[in-house]
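Shared between the two complexes below is subunit A, which pairs with subunit B and subunit C, respectively.
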Partner chain A sequence: MTNFIEILIRGVMLGSLYALVGMGLTLVWGVVGIVNIAHGEFVMLGAYLAFWSFSLLHLNPLLSVVLAIPVFFFAGTMIHKRITERLTKAPELSALILTFGMSILIWNLAQFFWTNTYRSVPYLTGSFPFFGLVFAKSKTVSFFLAIGITAALFAFLKYSRLGKGIRATSQNPEVALVCGINTIKMRAVTFGMGIGLAGAAGAIVSLQWVIFPQMGASYVSKAFAIVVLGGLGNIQGALAGGLIIGVLESLVTQYWSAKMAQIIPSMTILLILLLRPTGLFKR
Partner chain B sequence: MKDLIGGHKTWLGIAILMAFLTLIPFFATDYWMTLLVLILIFTVYASGWNLFSGLTGYTNFGLAWFIGVSGYVSSLLIADHKFFWLFAWPIGALFVGIVSIGVGYILLRIKGVYFAISMVALTEGTRELIGTEYLEPITHGGKGVPFVAGISLSALYWSVLLLAFITVIICYKITSSKFGLRLMAIREDEQAAETMGIHTTRDKIIAFALSAFLTGLAGAIHFTYQNYIDPSFGFTIHLTLTPIVMTLFGGVGTVFGPAIGATLFTFIHEILWAELTILYMAIFGAILIALILFFPQGLLGWMKERGILPRIRKI
Partner chain C sequence: MKKEDKKGLSRRDFLKGTVIGTAALGMGGFAGKTVFAQAKAPIKIGVAISLTGAWAREGELEAGGYKLWGKVINERGCTFGEVEKLGCPGPGLLGRQVEFVVYDDKSDPSEAIKLIRKLVVSDKVDLILGPYGSAVSNAIAPLAEDYKIPIITPLANAPVIWEGKKREWFVGVLPAAWRNLFGCLQIGKEKGVKTAAFIYSDTAFPIGATRPLVARAKEMGIQVVLDEAYPKETADWEPMMSKAWSQKPDLIIGGGYLPDSIGLVKAAKAVNATPKMFGFLVGPAISDFAKSLKGDATYVTGETFWEPFVKTPGNLDFYSAYLKEYKSEPSYHAAAGFAAGQILERAAKEVNNIEDKKALRDKLYSIKTTTIFGEYEVNPLGHPDSGWQVGKATNLIQWQKAEGKRLLPNQVAIEGMVKQIVFPSGVKTADVIFPFPGWGK
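This part shows the complex of A and B:
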C-alpha cells in the first residue's frame, strides 16, 4: 500500500513538470493560434541553460530556473515578432511546417555545438524519508518549483491587466481589438510566456534527468496529449491533463512495462479525440 | 490545369521523357539509378499526400503510417513467408488501403490540426506497438526485419517508374474529374459542400484510401530497396514530412508540383548529405522556414507569379 501511494505521489510530481510544458503549448495554441512543434526544443534549451550555467559559472540550478523565465520570455517575444506573427492568418499547415523546421534547426544546432553526450546537473542528489515513504530530493524540489510557477501563472492570468488582455484575446480577438486591447502585443507576450514556461520546465527537468539535444521530442508528444486532454487553450485543463499523464505513466511503468508507458501519449490523444474532441474539461 | 498539359506538345514531351527514363538502366551507373529510384519513390509519396491533403485540405501528418504499415506487411511476407516481391507489394498496399478505410471512417470526423495530431498519434502508437514484446512473434519486435528480396536494381527501377507514372496520371485524372472537384469543394467549405449534396464522408474516405494504397505501394518498394525495416525506421516522422515539404516546394494541389518538388529536393538532399552531414538537419530546417516565409505558394506558384510559367486557370 505504501508502495502504491509512493508511486501515485511520484506520478503527481512527474505530472507537475509535464503540466508546465503542456500549459505553455496550450497557451500559445489557444491565444496565438500557432501549434508550436518546436516547443520541446525550448525545454531542451532550458535544460542546457541550467547545465552550462552550473558547470561553467557554478550558478545554483535553482537560480537558473528563475533566470530561465525572463531569458526565454524575451527570446519568445522576439521570435514571435520576427517570424510567427506573419503566420497568424496563414493556413495551419504553414505554422506546422515552420515550427517543425525551427525544431530540427534548433536540435541539430544543439547537437553540433554541444554534441550528443548525455549530461546532467549533479546538484541535489540523494533522498529523504517522509512518514515511511522515500522521496528523491531533486524531484521534491522540482515539484515545488513547478507548483510555484503554475500558481504564479494562474494569478498573473486572473488578476493582472496583461493577463486579462491575454484572456480577452483568446476568447475573441476582434472584440478585444475593438475594446482597445493591443492584440498583436498580447500574442507576442503570450508566445513569450509559452516559451518561458518551456524554458523554466527545461531548467527544472535538468535537476533530475539526463540532458541531450533530442530530449525535446518526448516532452512535446506528452504536451500534445495534455493539450488534447485538457481542451485547447484551457490552462486549468492542461494542469489536470499533465497530472493525469504523469500518474498514468508512473503507474504503467511500475505495474506493466516501461515500453507500454511510452504508448500513453499517443493512445490518450486518439481516445480523447474519438470520444470527447473538446477535451475532458469544460472551459 | 487543362492549358498546361492539354496540348499535343506536352504529351509528346511526356512520351519522350518516359521513353528516356525507361531506357536509363541500359546506360546509367548504379549511383544515378539509386538516386532516380529515390526520386521516383518520393514522387509517389508526395503525389499520394497531395492527392488527399492537397485536394481536401485535411493535413495528413500520418503518411509514415501508410508507408510503415505497408512496408512491414510486405517485408514480413518476403522475409518470413517467402513471397515473391511482385506479390508481396500489392498485398502490403491493399492491407494499408483497406485498414485506412476503417481509420478514415473514424478519424476523418476530426478536423484541422486535431486530425493532423491524431494521425501523428496513430503513427507513433503503431510504431511503439510493433516494437513491444506482445507483437514480437509476428513483427520481430524492435530488432527489425532484414531480408533479401532477390530483385535486380533495374527491375526495381522499372517497377517504381511505372508506379510513379500511374500515380501522376491518376492525380491528373482526379484533379480534372468531378470527383476531384468535389474534393476541392470540401477543401473550400465542407459544410457548404455537404449542403450542395456532396457525400463528403464517402469522398474523403475514398481519397484517403486511394492515397494510402499508392503511398503504401511505394513504401513496400522503398523497404524492399533498403532490404531492411524496423519500427523507428519504418515510421519515422521524416517519411511524413519530407513528402509534405516536397509538395509545398512544388506547389500544393497541383499535378506536377509534387514530382518537381521531389526531384529538386532529392538532389538538394544528396548534395547537403554529401557535404554537410552534421548540419544537414539544421539546413533542412532553415529551408523549411524560408519556404514558408518567402514561397508560400510553392515553386510553381512563384514562377507563375513572376511570369516564368504561363498563368493558368486556377481551380
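This part shows the complex of A and C:
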C-alpha cells in the first residue's frame, strides 16, 4: 500500500509538469486558434535557459523558472506579432506547416549552437523521506512550482481585466471585438503566455531530465494528448488531463510495463476522439 | 577547417569538413609534392549516420573518428600503429584523396536504408562506412549484400545482425553484444550477490546485450527479479528505476545509450536506490556522463571498448591528433570510427586497389590486425555468423574518485573522478569498489 501511494504521488508530480506544458498549448490553440507544433521546442529552450544560467552565471535553477516566464512571454508576443498573427485567419493547415517549420528551425539552431551533447542540471538531486515514503527533491520542488504557476494562471484568467479579455476572445472573438476588446492584443498576450508556460515548464524539466536539442518532441506529443483529453482551449481540462496522464503513466509502468505506459498518450487521443471528441471536460 | 579548430564537431562542420575540407586540404597543402595523388579521382566514401535524433551525439562522435582518419590519411598516406608498417607512400589512400559523402539518417533505420541506396545509386560512392548502432546497422546490412559493396560497421554488435545470417559483405568491429557488462555479473558473483534487475532500452543493441546477460545471470545462480525493456522514447526514467528498486536487487544492470545512463543514475538517486552495483551499457564510458552527473557518476560501472590509456598500437598518436583537431577528449565512438578507417586502409593497401570489391571484401573477412581500437578479426566467409567480430575484447570501467590516485598517460580526471578499468583482471587499472557505498560518499 505504501508503495502504491508513493507511485500515485509521483504520478501526480509528473502530471503537474505535463499539465503545465499542456496548458500552454491549449491556451494558444483555444484563444489564438493556432496548433503550435513548435511548443515542445520552447520547452527545450526553457531547459537550456536554466542550464546555461546555472552553468555560466551560477544562477539558481529555481530562479531560472521565474526568469523564463517573462523572457519567453516577451519572445512569444514578438513571434506572434511578427509571424503568427497573420495566420489567425488563414486555413489551419498554414499554421500547422509554419509551426512545424519553426520547430525544425529551432531544434536545428539549438543543435548547431549547443551541439548534441546531453546535459543536465545537477541541482536538487537525491530524495527525501516523508513518513516512510521517498520522493525526489527535484520532482517535489517542481510540483510546487508547477502548482504555483497554475494557480497564478487561473487567478489571472479569472480575476484580471486582461484575463477576462482573453476568455472573451476565446469564447467569441467577434462579440469581444464589438465589446471593445482589442482581440489582436489578446491573441498576442495569449501566445506569449503559452510560450511563457512552455519556457517555465522547460526550466522545471531541466531539474529532472536530460537536456538535448530534440527533447521537445516527447513533450509535445504528451501535450497533444492532454489537450484532447481536457478539451480544446480548456485550461482546467488541461490540468486534469495532465494529472490523469501522469498518474496513469506512473501506475502502468509500475504494475504493468513501461512500454504500455508509453502508449497511453496516443491511446488517449484515439479513445477520446472516438468516444468524446469534445474532451472529458467540455466547457 | 579553421572553424573546426575553434569548437567541437557539429553536423555542419562535419559535412563541410569532410566533403569539401578534405579535398581542399589535399589540393592546397600538398599541391607541390603530390602530382600523382592529384591526377587520380578521389575515393568517395559514403556515410549515412545519426546526426540528429536519439543517437545524434554518438553518431557525431563516430563521424568525428571517420573524419579524422580521412584527414590523417589525406595528409600522410597512412595512419597510426600497425598500418604504418605498410608504408606511408604520400598523401591519400593508394595515392587518392579520400572524400566523404555524408547524410543524416536521423536515428531512423528506414531513413538509413533510403540513404544507403542514394549513396550507391546516385552518388556512386566507392566504399561505405557504417552508421551508428545496431538498429540502423541491422536495417542496412542486407543492402551491402544486394549491392555487393563491403561495409565496415564500427559501432554495432547485436546478435540479430550476424547470428546465422552468413553475411558476405558486412563486417563488424565491436565485440559481440553478449560480452557486454559480463564483468558486472562476474564481479557480483565473486562478491556473493543473489539478485539482479535488468532494465534496458527496447532497441536492438540493448536487447541483444542484455537478454544473453539475463540468461547468463540465471546460469550463474543469480535470481533475476526484473527483466524489462522500456521504450526508446522514454524521457523520465524514475518510474522504471522505482520499479526496479522496489525489488531491492543487488545489481541493477542495463540502460541503453548515453541519455538513458544519465537519466537512470539521476532516477536512482531520486528514488534513493542503493544496490550493490550499477552497470549500464553505453554512457558511463563517455566523458559527457561524468560532466553531466558530476559526483553522482562515482562508482557507476559501464561497458567500454576502448579508453585513451589502453596500450594499443598508435593509440597515443590518435589521442593527440583527436585532441588537436577537436579540442576535446575522444570517446570510444570516435576511436571505433577511426579504427574502421584503419581496417579499410589495411585491406585496401593489401589488395592494392579499391575497384575490385570482391578482393577487398575477401581481405576484410580474412585479415587479423590490431587497430588503435584493439584487435580485429571476424568470422570468415562460410561461417554461419560470418562478418561478426570475434577478436576484440571488452572491458568494464568504473568511475572512482581521482583524489590520491596516480594517473596513467592519457588518463584524465573529470569532475574529480577518474575512469578505471576494473574487469577483466588482465587489463584492469584499479580494483572495483564494491559494494556501492551510497550517494554522495
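As a working rule, the second predicted complex is superposed on the first by the 283 of 283 C-alpha atoms of A that agree within 3 Å, B and C clash if a C-alpha of one lies under 4 Å from a C-alpha of the other, contacts with A are read in each partner's own complex, and residues count from 1 in each chain.
In the analysis below, a contact is a pair of C-beta atoms (placed from the backbone, for glycine too) under 8 Å apart; a residue touches a chain by one contact, two chains touch by 3 or more.
In this text the structure is predicted, and so the values were computed from the model without any measurement.
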Touched partner set for A:S160, first subunit B, second subunit C, both or neither: neither
First, second, both or neither for A:I97, with subunit B first and subunit C second: first
Subunit B versus subunit C as contact partner of A:L274, first or second or both or neither: first
Subunit B versus subunit C as contact partner of A:Q214, first or second or both or neither: second
First (subunit B), second (subunit C), both or neither touched by A:R10: second
Partner chain in contact with A:L109 - subunit B first, subunit C second, else both or neither: first
Touched partner set for A:N172, first subunit B, second subunit C, both or neither: neither
Subunit B versus subunit C as contact partner of A:K259, first or second or both or neither: both
On subunit A, positions contacted by subunit B and by subunit C: 107-108, 111-112, 257, 259, 262
Subunit A residues within the subunit B interface of the complex: 35, 83, 86-87, 90, 92-94, 96-98, 100-109, 111-112, 221, 224-225, 228, 257, 259-260, 262-263, 265-267, 269-270, 273-274, 277
Partner subunit C, residues of subunit A touching it in the complex: 3, 6-7, 10, 14, 107-108, 111-112, 115-120, 122, 125-127, 134, 136-139, 208-210, 212-215, 218-219, 249-250, 253-254, 257-259, 261-262
Residues of subunit C touching subunit A in the complex: 8-12, 51-54, 56-57, 60, 202, 228-231, 233-236, 238-240, 242-243, 246, 258-259, 262-263, 266, 269-272, 288, 292-296, 439-440
Interface residues, subunit B side, partner subunit A - complex: 59, 61, 106-107, 110, 112-114, 116-118, 120-122, 124-125, 128-129, 131-133, 241, 244-245, 248, 278-282, 284-289, 291-293, 296
